[in-house]
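Which chain is which? They are A, B, C and D, in the order written, and residues in each are numbered from 1.
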Amino acid sequence: MIDLAVFGAGRIGRVHALNAAALPAVRMKYLVDPVESDERRDLAARLGAEIVAPEAVFADPSVKGVVIASSTDTHADLVLNAVAAGKAIFCEKPVSLDFSTVERVAKAVEASGVACLMAFQRRYDPDFRYVRERIASGAAGPLEHVVMHTRDPSPPPPAYVERSGGMFRDQAIHDFDMARYLLGEEIATVYAVGGCLIDPEIGAAGDIDTAMVTLTSASGRFVQMVNCRRAPFGYDQRLEALCAKEVLYIENRPQRGVTVADAGGFRASPPMNYFIERFAEAYRAEMAAFADLVETGRPPLAGIRDGLEAQRIAEAALVSMRKGMPIHIGPDWRP
Amino acid sequence: MIDLAVFGAGRIGRVHALNAAALPAVRMKYLVDPVESDERRDLAARLGAEIVAPEAVFADPSVKGVVIASSTDTHADLVLNAVAAGKAIFCEKPVSLDFSTVERVAKAVEASGVACLMAFQRRYDPDFRYVRERIASGAAGPLEHVVMHTRDPSPPPPAYVERSGGMFRDQAIHDFDMARYLLGEEIATVYAVGGCLIDPEIGAAGDIDTAMVTLTSASGRFVQMVNCRRAPFGYDQRLEALCAKEVLYIENRPQRGVTVADAGGFRASPPMNYFIERFAEAYRAEMAAFADLVETGRPPLAGIRDGLEAQRIAEAALVSMRKGMPIHIGPDWRP
Amino acid sequence: MIDLAVFGAGRIGRVHALNAAALPAVRMKYLVDPVESDERRDLAARLGAEIVAPEAVFADPSVKGVVIASSTDTHADLVLNAVAAGKAIFCEKPVSLDFSTVERVAKAVEASGVACLMAFQRRYDPDFRYVRERIASGAAGPLEHVVMHTRDPSPPPPAYVERSGGMFRDQAIHDFDMARYLLGEEIATVYAVGGCLIDPEIGAAGDIDTAMVTLTSASGRFVQMVNCRRAPFGYDQRLEALCAKEVLYIENRPQRGVTVADAGGFRASPPMNYFIERFAEAYRAEMAAFADLVETGRPPLAGIRDGLEAQRIAEAALVSMRKGMPIHIGPDWRP
Amino acid sequence: MIDLAVFGAGRIGRVHALNAAALPAVRMKYLVDPVESDERRDLAARLGAEIVAPEAVFADPSVKGVVIASSTDTHADLVLNAVAAGKAIFCEKPVSLDFSTVERVAKAVEASGVACLMAFQRRYDPDFRYVRERIASGAAGPLEHVVMHTRDPSPPPPAYVERSGGMFRDQAIHDFDMARYLLGEEIATVYAVGGCLIDPEIGAAGDIDTAMVTLTSASGRFVQMVNCRRAPFGYDQRLEALCAKEVLYIENRPQRGVTVADAGGFRASPPMNYFIERFAEAYRAEMAAFADLVETGRPPLAGIRDGLEAQRIAEAALVSMRKGMPIHIGPDWRP
């Protein structure tokens, strides 16, 4: 039996904690969340977990790993404490909104040898895995370019926007990670445009709701991304990978398998709404991989370095958008 | 240059005549239609054809073939006249609403050796041809069963219904022909149910608007058909052939290639409406085949015997529906 | 906490038992399966259930309901014992391969007032429910006819075929049930054809692998069904309901959301394979409904009468196929 | 009867000339092509047109309009000659590979008041028109951003590449035009990346085979384009317009309406191959619009100014790619 602790009783913390607890080999021993709430009480009850302060987690040698799903501003310290205590780390992105902090934390994790899984759950999604495998196996032929669409069903509330670090660090970071993952190499140039076309409140909060990004890889291949805070039909999360022999499309997953035809045509179901539902299987597989990592040491599909590099692209996109210029990046570039 | 004559300036006559005239090697010399009308005048002008009485057509040795697209009650005599005059025949289905007349005409055509193309245009449609070829070539594996859907966009006017011979002879006859064509053998048993579920006026005219038919072939394979006088979205014409290695689906052809997504889901375009549009390419290919038949003698995909056998199934379906019993048919069966 | 017992540690017993145990309010107290096996041991361990003989279940007043998923020949006695013991019943179909036994059991259940859920899980599937609701609410307009396709991915082993009662009682019974459910009335006439076109071993076992059935309802509406033991691409389970305002299509659910395009066209993923996967959500909802029935008495979507009537149609289909005649049925008809 | 003349007996000249000749009100009086060839002879015969030198066309006052589909280097002079002779102009894009020549010609056309239709045929395609109308009518809500994919089925021969002016002026110019057309305003900023990832011979000919372009409109809306000289499955021509109430998708048009299902999944047909087939209807509508313009003066959907502005974006894309910088353009910008 593997004992774990979870930080954060919010939406995504709940998903991770329940997925962990559903694994036969895992016990979720502790739940850490500073705010007393119905959510916290209910989650602890469902987990059979004790509600404790962070110190209790790090002091208990029976705890082998920690799931960090608390608010972003707590991630860096929790990772560093886990490193100090020698506990395996499952960390929600981003590590920090401050890039130099991300660099410092990444350095500490890598120096320590403590295992760390960065929660880029798309890498664990069966559709994305299938595409990755067709490319990696050579079946699809060499990858030439990638197009990605990520649109939320509707704009987030202004309070969320303010804490989020902005659309590039919050939403597009998953696409930046996927670009690196599929290309199998680093990004060399980033060009981004963005604006507030949908929701003036997002603009008032200092963020954008629409962006288009072009990435050029070190070897000269291209990636194009659309990121948006609204799609009229719901959550839009698609990818198109053009390879020499095949084009691979990841489509949206429909809510229902029912089509309704009338005089207006054939109405297929809207897609699953929202990422918690669309990536339910990915979240389960990701947590199973973390349990496996704790038990056997098998490396995760995404580690702290992947968190750092995806965020470097996000920072470059922000600079590019502000300056109206493409930004050339490398391992030493920082905003 | 091949000289032809067309009988009938109505909807389908116009399609056939213009398709024939568009062929470089064909001249449509005569148009025969007893009713003076704008339609007749306009079609003659577009064809550059002379409006004449039937006798003029059969007396002119330069006319090599006739396109019979006049009202059904004239088909039999026109075919027999064409046989007597030794002119190749393109004949709209059905040859006659009276089965013994069909038998008599078929006998005469076969005895004469005059070439005759029965206008089962689906045999010339590229989608149906593709399916037929995958089966005939063995690529799909042995054909095991067939399912067909034919639904009109909306009920025909009562006047049409009264002259039509009923849904089996008028609409389902195309499906009966396709069943024989794909199976490559004759039908042995016919079971049909039908009723008036959509439009009471059709019932008042003595016809049905909904039918389901099951066919068993001589070798024991099965066909199932739905025939209906309405689909809420337009013209519904589909086929599904289950073979040992492949299932072959003929889908509806959409009007537009535009999908519109909103909160209600993804609305794909309604299908082409109606058969004149859906089978435009088939009609062109069918007429080209007739010109080729006139010129080179190459046999058509459907001949007078196919018209007879499809109609035998239609007659059996009618008897089956009335008696509430399956009907066993063979070359000597008649209603 | 509701205490239940499950009979049968096989494939479907396992699904039902684990779904029940996953419900917060349910404890699976007992597992009954006469054969000692790894499966039985493992399932008991996962359930935390005691392995006992049937008598222990019926003698324990704390057990409020029984899940009958053992071999078909045991269903009838188990239902009668549950009736005698006053325990709510969840029963896999069919109740018995012998129709008079089904009638006898149904009478006993109805006389007793004991609640009984017949496991026609499609009624609990979200897609089928959506279709049913659009019809029942009037949104789709009056239902005029229904077309259903059920094809297994590949023929079952001969040993299964021999025990199954044949394709009508084993596979098509779900379609018979759905026909009644959507029409909201009883079937009056059944015509079936069938044969062994795919797998000679099925024929040797006295069964068919391909069937086509036409149903006419009491009010004169129509249902057409294809049932088959193989589809080259996997599990094929679709429905098409033609209503006056809408056509409702239940499509297959794809395994993956990835399309692969190459010179041969666009390859969409095969459907989920097989019913355990396709109807996973339906099985969970069905068991939740049973727990709810035990707790609150809320009636199930399908009861013992539905099991009886669906089987009556299956029996009539068998007679129809053997006699080559349509069979007229009513509440007093029996094979 | 409207008399026209066509310049160019090549592939696209043939399409335009036959479409014109098929219009009841049009006679194609002259064909101009300096090279004696079977193509030229055959086309003249099918048109019933006289083969003449350019001077004869411009000297004949009965000729009301000219269709310019000859090689690109002849366009500018032919347009200027048509202006001088007061004949309506149908001109294939681009007007010239030299931007200052395009400017000079546009000025001359505009000063003269001679009508000119620039052959951006997508504006006449029913799918693109439908999308344009849903935006223009307000049904879709305000347009926020556009994504376009244009991929040829396979790289063109090097000889073509050398004369083409490069992928931006030759292929992407249609997308640049469509961007302006849908946005209803001018482009302010162009960023392009491109490379030779598919066919080294294209690189040797000084061109690219893959490009990604981001456009920002004057009011701050965004367009993203992928342009490529190969798609493994054939011609890929799609558009996605995100509006506030609807997303509008223009899909590829399939070659066939047949889906083939086997163990590998569901294979839908590849798209129509190539633009001559895909845009057959658009070419017909475009030529009908030209005949209408000659007869009634109704303005075309695209004029010489549209040719100029689309090419300005193409020139800016080329400069952007070479400099690695976004280019800000306006009515006075030139390369």
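Just so we're on the same page, contacts are C-beta pairs under 8 Å (C-beta built on N, C-alpha and C of every residue); 3 or more make two chains touch, one makes a residue touch a chain.
Everything quoted here is computed from the prediction, not taken from an experiment.
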*asked:* Looking only at C-beta pairs that count as contacts, which pair of chains has more of them, A-B or A-D?
replied: A-D
_Chain whose Cα centroid lies at the greatest distance from that of chain B_ = A
*Cα centroid separation between chain A and chain D, in whole Å?*
42
*Whole-Å gap between the CA centroids of chain A and chain B*: 58
*Contacts with two or more other chains, residues of chain B listed in rising order*: 231-233, 245-247, 261-262
_Parts of chain A lying in touch with chain B, wherever the complex brings them together_ = 231-234, 261-270
*Complex contacts: residues of chain A adjacent to chain D*: 141, 144-145, 147, 149, 151, 189, 191, 193, 195, 197-198, 210, 212, 214, 216, 220-222, 224, 226, 228, 231-233, 236, 240, 242-247, 324-326
*Contact footprint of chain D on chain B as seen in their complex*: 24, 46, 126-127, 130-131, 134, 140, 245-253, 256-262
